[in-house]
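Step one of this worksheet: look at the structure below.
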Amino acid sequence: MLDVSELVQPGKGLIHPSIYTDPEIYQAELEQVFARSWLFLAHDSQLPKPGSFVQAYMAEDPVLVVRQRDGSVKAFLNQCRHRGMRICRSDEGVARAFTCTYHGWAYNLAGELVNVPMQERAYHNEIDKSQWGPRRVPRVHNHKGFYFGTWDEEAPSFEEYLGDMVWRLDAMADRYDEGISLIPGATKWVIDCNWKFAAEQFASDMYHVPSSHTSALVALVEDPQVLARLHELNLTVPGRQFSGNGHGSGFALRPDIIPSQSGPEFDAWLDAHREEIYRRGGEQRALAANGHNTVFPNFSWLDINNTMRVWHPRGPGQIEVWAWTFVPRGAPDEVRNEIRTSTIRSFSPAGVFETDDGENWTEIQQVLRGHMARKSLFNAQMGLGHEKQGTDGMPGRVADDMYTEMAARGMYQRWADLMSGLSWQQIAELDRNRQQEVHTA
Amino acid sequence: MLDVSELVQPGKGLIHPSIYTDPEIYQAELEQVFARSWLFLAHDSQLPKPGSFVQAYMAEDPVLVVRQRDGSVKAFLNQCRHRGMRICRSDEGVARAFTCTYHGWAYNLAGELVNVPMQERAYHNEIDKSQWGPRRVPRVHNHKGFYFGTWDEEAPSFEEYLGDMVWRLDAMADRYDEGISLIPGATKWVIDCNWKFAAEQFASDMYHVPSSHTSALVALVEDPQVLARLHELNLTVPGRQFSGNGHGSGFALRPDIIPSQSGPEFDAWLDAHREEIYRRGGEQRALAANGHNTVFPNFSWLDINNTMRVWHPRGPGQIEVWAWTFVPRGAPDEVRNEIRTSTIRSFSPAGVFETDDGENWTEIQQVLRGHMARKSLFNAQMGLGHEKQGTDGMPGRVADDMYTEMAARGMYQRWADLMSGLSWQQIAELDRNRQQEVHTA
Amino acid sequence: MLDVSELVQPGKGLIHPSIYTDPEIYQAELEQVFARSWLFLAHDSQLPKPGSFVQAYMAEDPVLVVRQRDGSVKAFLNQCRHRGMRICRSDEGVARAFTCTYHGWAYNLAGELVNVPMQERAYHNEIDKSQWGPRRVPRVHNHKGFYFGTWDEEAPSFEEYLGDMVWRLDAMADRYDEGISLIPGATKWVIDCNWKFAAEQFASDMYHVPSSHTSALVALVEDPQVLARLHELNLTVPGRQFSGNGHGSGFALRPDIIPSQSGPEFDAWLDAHREEIYRRGGEQRALAANGHNTVFPNFSWLDINNTMRVWHPRGPGQIEVWAWTFVPRGAPDEVRNEIRTSTIRSFSPAGVFETDDGENWTEIQQVLRGHMARKSLFNAQMGLGHEKQGTDGMPGRVADDMYTEMAARGMYQRWADLMSGLSWQQIAELDRNRQQEVHTA
Amino acid sequence: MTTPTPDTPTPDTRRPVDPTVRHEIEQFLYREAELLDDQRFQDWLELFSDDVHYWLPTRVTRTVRERSLEVAGPDGAAFFDDDKTFLRGRVRRLSSGQSWSEEPPSRTRRLITNVRPVELADGTFEVRANFHVLRSRAERHHDTFFGERTDLLRRIPREPGFQVARRKIVLDTTTLLAPSISIFL
Amino acid sequence: MTTPTPDTPTPDTRRPVDPTVRHEIEQFLYREAELLDDQRFQDWLELFSDDVHYWLPTRVTRTVRERSLEVAGPDGAAFFDDDKTFLRGRVRRLSSGQSWSEEPPSRTRRLITNVRPVELADGTFEVRANFHVLRSRAERHHDTFFGERTDLLRRIPREPGFQVARRKIVLDTTTLLAPSISIFL
Amino acid sequence: MTTPTPDTPTPDTRRPVDPTVRHEIEQFLYREAELLDDQRFQDWLELFSDDVHYWLPTRVTRTVRERSLEVAGPDGAAFFDDDKTFLRGRVRRLSSGQSWSEEPPSRTRRLITNVRPVELADGTFEVRANFHVLRSRAERHHDTFFGERTDLLRRIPREPGFQVARRKIVLDTTTLLAPSISIFL
């Protein structure tokens, strides 16, 4: 087990940059972090009918996520156990079965090996097909239409894993009576940076907005005065940040759920559904649904920008971003379309916000080629010592401002606990003790 | 020495995929497998006259293979001993001597350092030129026009190394009174996969043909009925598989040596030379000359498709394929040309068979980026426990079917023995014992 | 500490090629060689006014070199200490301050953290800005307009580090009363080879010129007879080579400082300034200013070709060359321009000399992919046992010929001493003893 | 239909153009590319009609049989889905001096090839062209974008003679091998 | 001769073409590329004469002195050496839904540039053109093929006005840096 | 001005060219590229006037504000800054059989696109064109050069009808991602 205690010191708000570059640490992350955590697989709306499938990734492992005939969803490694061929090479589609192109072993929708060519002649009927199906994802959980999976039999239940973060997740996932659906098609792109830069920013970093995204507002707003006001607002609006179980979220305290940032159509629709939204999650939560969120380790979303994504690691220095736009399932076309276009224009590889995030992360990674650069500790001390418990009665560890790095420290704490090979029980234990050190607001 | 006993278990038909991805294992392969085995260098017909040379590779090491004035063939590392410059940068040609471009050290056709510029002024005549020639390939063996070389002084003789596989090699190399010659020009391409996937398939895998190459038959045959018959034939024709010393071969039992798959011209020519062919290798062997073959570790050919190739390793995840088309030396132009085109169209980077093999191998390698994927054992159990000795009186370990993975297991056994650092003597010992466990057909 | 004693044996003139390929050795070089040595940063003429800055590299570490308001020059790592963003992404320019784009931390010209957005709200005024500026280059030395820096507080003074090599450096840097200036703009390119091939050649290798650069003369000279004479001259002209502290230089003994190789304009100008040049450095030194030079580890120049460059390492198998053309500061435009064009045409990525050097180095590196190739010792024995002290009264270890590899052996000696983790004191000690073994000419 | 192009009028209403019109259209497209490579975004904007639809849908890998579903439809995910107003906003941003992904600016080169114009019944032109856009930025960062553009061009009575009324861009990649598309295609 | 082109008639029998013919020939080559990029293989096949020779010889690195031997001759190794019958077979295969190296299909883009047609004495046209074919397949696989094509074109009395009677493709690489050429060039 | 092009006459003295002239100029540039790709350097040399200036300045990354300083000026660092005499020297070298960086020779392919000619007041032509030069050498070495060329062409009374009197090449890279430019661009 790698000793990472020197590398991240959440208590002091210090990060050693080698955690973003060391190939050994990366391989350990695949084993200790990604193979043990709950990872996002797919959303209900991606699998409309029996046989519907999408290829997803759990870190670097390709998995097929398939709608079963009984309506349930199963997932298995997209790797044939004979010689390891990728069983299905389409990103998505509808299938009756999956046949490996190399030698023709065939699998049913559940990933069971159902046919082996020349089973009698070649295998003398001695192959036990039940033993040679692709590796199943042993645990798949459906949280309100969001499917998460984990390889780890020991991992806590998804609810326990999520903890108080459920308050934030449901603010998005459970906002409407009819639920949400995804705009068809994932947007995928590659950024040469470590996955933790992205995951951490979406967990903990409202602070970069005024500096990184000034020009995005210029694109959205023509009138200089409005622009100035918006900028001013960014610096003065009160906000909160949540941290727990490695997850993190930050958001402003807004007076109303509109304007939505998507446009008049959605605003009108929200106005009409205000009562429904308040009823489901409570008004406080509804108003808080305007921030950044990361479910540890690599599933993130922005409530008000209607974008959710997975940061798939691709080596220590690269990620693949898979992003989707979510809309109220019940919404009429003009609303769906208004949300769709506004998200594309703000958060996508060509989005006026997103392009500038990528620039920061790639440059950070580039600089870390340097020997001295890799020895310079990073400062994650914002709000250190000012953590709070349950501010405004919100569940869990909630700081009384959104401009803090509490959630970043929480994320690296969870990362360090897992990397140290601690059992889930030990981690829970430690977290309980850590909670107690924090006073209630 | 790496312990690979856990990684490949030939006795159980299990393979741990890390042998296809681990950089350390790859470096060990260069040392333990490739630097100790007999590797194909060149064929007589590539070196028509004194001074004729080709650059070949022994794994990742470039060597110059040169026809000497006395008609013999010598080979030496294409690396100047002064500062390591590549001595000759042409793929092939005719030379009187080789002069290093960097500082002008000059070598004769045998790779002896014959001239050092300013030897007196710069070296005070103190340089012992006999000590500073490029590293020679100490052992080069000419087997019926095929030149093989090894760096290992301890390795057994080529004949001993080949063992019973000579029966298969000569079915190709020694088929005609006038011998064979290569079509001018090697076809070289790059596939992002581990070298063992290719070597193993050509040693042991007839099983992939019906599934991987269905569309190839569609290209060759227009009539659907004929197509169906051919497909049926693939599944029913009896065949045999050979395994020994890590080498492997599989072939069908065909009623005649024609049709040749090249076309009418070659069929007619074969018909006319039937007696000659039977006389040289015996009828049984002549009829068996229709399969896939690998001489351990990376020299393969297909008898009936007239293609032979070396799978040069280029890191754990890449190979360079160097392929040649062989034809009867005596054959008239129209026969040569018919064979040439039929081989190009079936087995070459644009060949209707070959393109689909590459697709399989690259996808297997891609999937192995995954952490769980690299932990899933592969199944090489086809025909396990059904190995036979000398079926139909054929020499060595010969299974009574071509649909088996006996040769794959044999190849990984040899690989494991070498990787474990066993001496050639220890390996021979072990092999003898292993032989005895197999009953004679 | 890596044991490199087996890898380089300067006393025997033997080099093990793994020092050019091993990734571990490379990382150790960044720490033991580059982070401890004096490295070239910039020249005065690149920083004309207060706020002028250039981005430079110390090995793989980007640093900002900035002209301060008081005229001094400071340098600091171009990495924000908050989350590691590159502070400035321009190659050069004029700045009043530097603001990190990610979260807006701002730095003054000296690299001090002067502004942190929302310092009160986000940091509760608890951040000690004096502690969180980017890493400073602790020692920057101005040698006659050439700025060198080192990260190592223990390193000897620049003068001590330079030792007798100052005699050669000043032959270029201190040649004219008005000094020199650089032609605006660096020429940067990438060569896939280890940095030591380039550094060593410029330290020690006059021997490659006749072989590598024959065709360059063909480009410069049309008349075959003149060509033949020049070639003859190369082989016969007497020369000297210097070696000390890992630095190296070689040069011919020429009868006069003209012709300059740049052309008539410069020749005339030199003729007019002969007295000045002789007065400053002495006639012997002025005449010797026609050779190749490397200040250990990676700063090189060619006196007569008016090119100087840094060989930035970029992994074991790649360098980035940053080259500049130097001219007498006082020279009129037509002289500057004549030098500029003649340097571009001979030493630049399209220069008729330089292109052939790159070809050699890349091929050497390519061949070293081979396992046997990486085991073949290189021969650096030219002039071994013929080292001299102070030939012609020149300072330090000076061989009585330019065709020797004494300086190469000296460079690898210094490299080995540093790689072995010896203290600067121990190294000085050892060098003194080594000196004594060499007899005075 | 099996090709990644927008629905188009039936063949008989599509007429080939003569060399002169082809020349004018090519020079127009070259000029457009030049304005982008020269970063003259304001001038570039004027080449587009006020009702322009500037669209770059996403793409997935599917079987030959399902190839018609390869390129996302109008209601699907996209990289660009802009009207003139938002194009203006993008240009404002690029001129702000704070659009970090383009400040310092990228260096781009647009190779516009295989220009295939046809004249439609209403006198407009549908122009399919292949593109390979090379982008270099910062010290050594390199991206490449390639695919096909289908433009709808309208004649206008003033320089430069045409206006882009509709642009559909289809990249030949699914996963974008770049950190961003902070440029125009 | 020192250039990788087939033996051709003596200069005086080679006449430059006027802008209109050049326009027609370019549009023909662009149309051919479009059919391939759109995977309309059957339509593509019809652009070739029944006696077509479709050839892509191999290439080696040799000294300037031996440069004439750089590209393999008609009796040497090749990547393609097809007649119309086998081209038909390839197209059948690509339409079979089982040609795994193209199922799911690759995404390709053909940049055809530097089109240099000359009219020969017999009224046929020899057209040299440069190509850069970009190929993307599966998730992130990328290949690039570049070189020169020398086509022999014949006028035909029907659409699209020409037929390819001979195609010689020369790649500018020796070792092919791709796992396969499962597409046409 | 903010674009990497040489100072040029005021617009009113710059006239667009007709399809025929454009055709002639393109064929001239294609022929030039062909001679280089075929390594016929002597013939290539004849396409340049005796007073030609062949120039490839260096380039740096700077802010949008300082973009006019991006490309080095006439007194700055350059990759090429040749007159006819030195071009002759380079050609002599390439024919010497000892120019190791081109012996064995590289394999090159020049894609010349977006050719934009204008006629100047004095009857000469200023031609901006985009280029993508692909270079393959030795076994697997690959380089790519891309950017813009601005040529000044003069009519001449003999074949091939034009002469290059000035060439300014601007690469879209700062740090050259190649070991050398041992070829012409």
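A, B, C, D, E and F are the chain letters, set down in written order, and residue numbers restart from 1 in every chain.
Operating definition for what follows: contacts are C-beta pairs under 8 Å (C-beta built on N, C-alpha and C of every residue); 3 or more make two chains touch, one makes a residue touch a chain.
Please read these numbers as outputs of a predicted model, since none were measured by experiment.
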Going only through chains that touch each other, how many steps at minimum separate chain B from chain F?
1
Please decide if copies chain A and chain B contact each other with the same set of residue positions, more than half shared, or with different positions, and reply same or different.
different
With chain centres taken as the means of their Cα atoms, state the distance from chain C to chain F in Å.
32
Using mean CA coordinates as chain centres, what's the gap between chain A and chain C in Å?
48
Which chain A residues touch at least two other chains?
89-91, 101, 190, 212, 356, 359-360, 363, 366
Which positions in chain F touch two or more other chains at once?
19, 61-63, 100, 102, 104, 111, 113, 132, 138-140, 174-175, 177
Considering every pair of chains, which are in touch?
A-B, A-C, A-D, A-E, B-C, B-E, B-F, C-D, C-F, D-E, D-F, E-F
Contacts from chain C onto chain B in the complex sit at residues 17, 197, 205, 207-208, 210-212, 235, 356, 359-360, 363-364, 366-373, 376-379, 381-386, 401, 403-404
Spell out the part of chain E that touches chain D in their complex, as residue ranges.
19-20, 23, 27, 30-31, 33-34, 37-40, 95, 97, 102-105, 107-113, 132, 134-140, 142
Given the complex, residues on chain E that touch chain A span 100, 104, 138-140
Give every residue of chain E touching chain B within the complex, in rising order.
56-58, 60-63, 66, 72-73, 75-82, 86, 88-90, 92-93, 96, 98-102, 138-139, 141, 174-182
Name, in rising order, each residue of chain B that touches chain E in their complex.
89-93, 183-192, 212, 214-216, 218-220, 222, 320, 324-325, 333, 336-337, 340-341, 344-345, 348-350, 352, 354-356, 358-363, 366
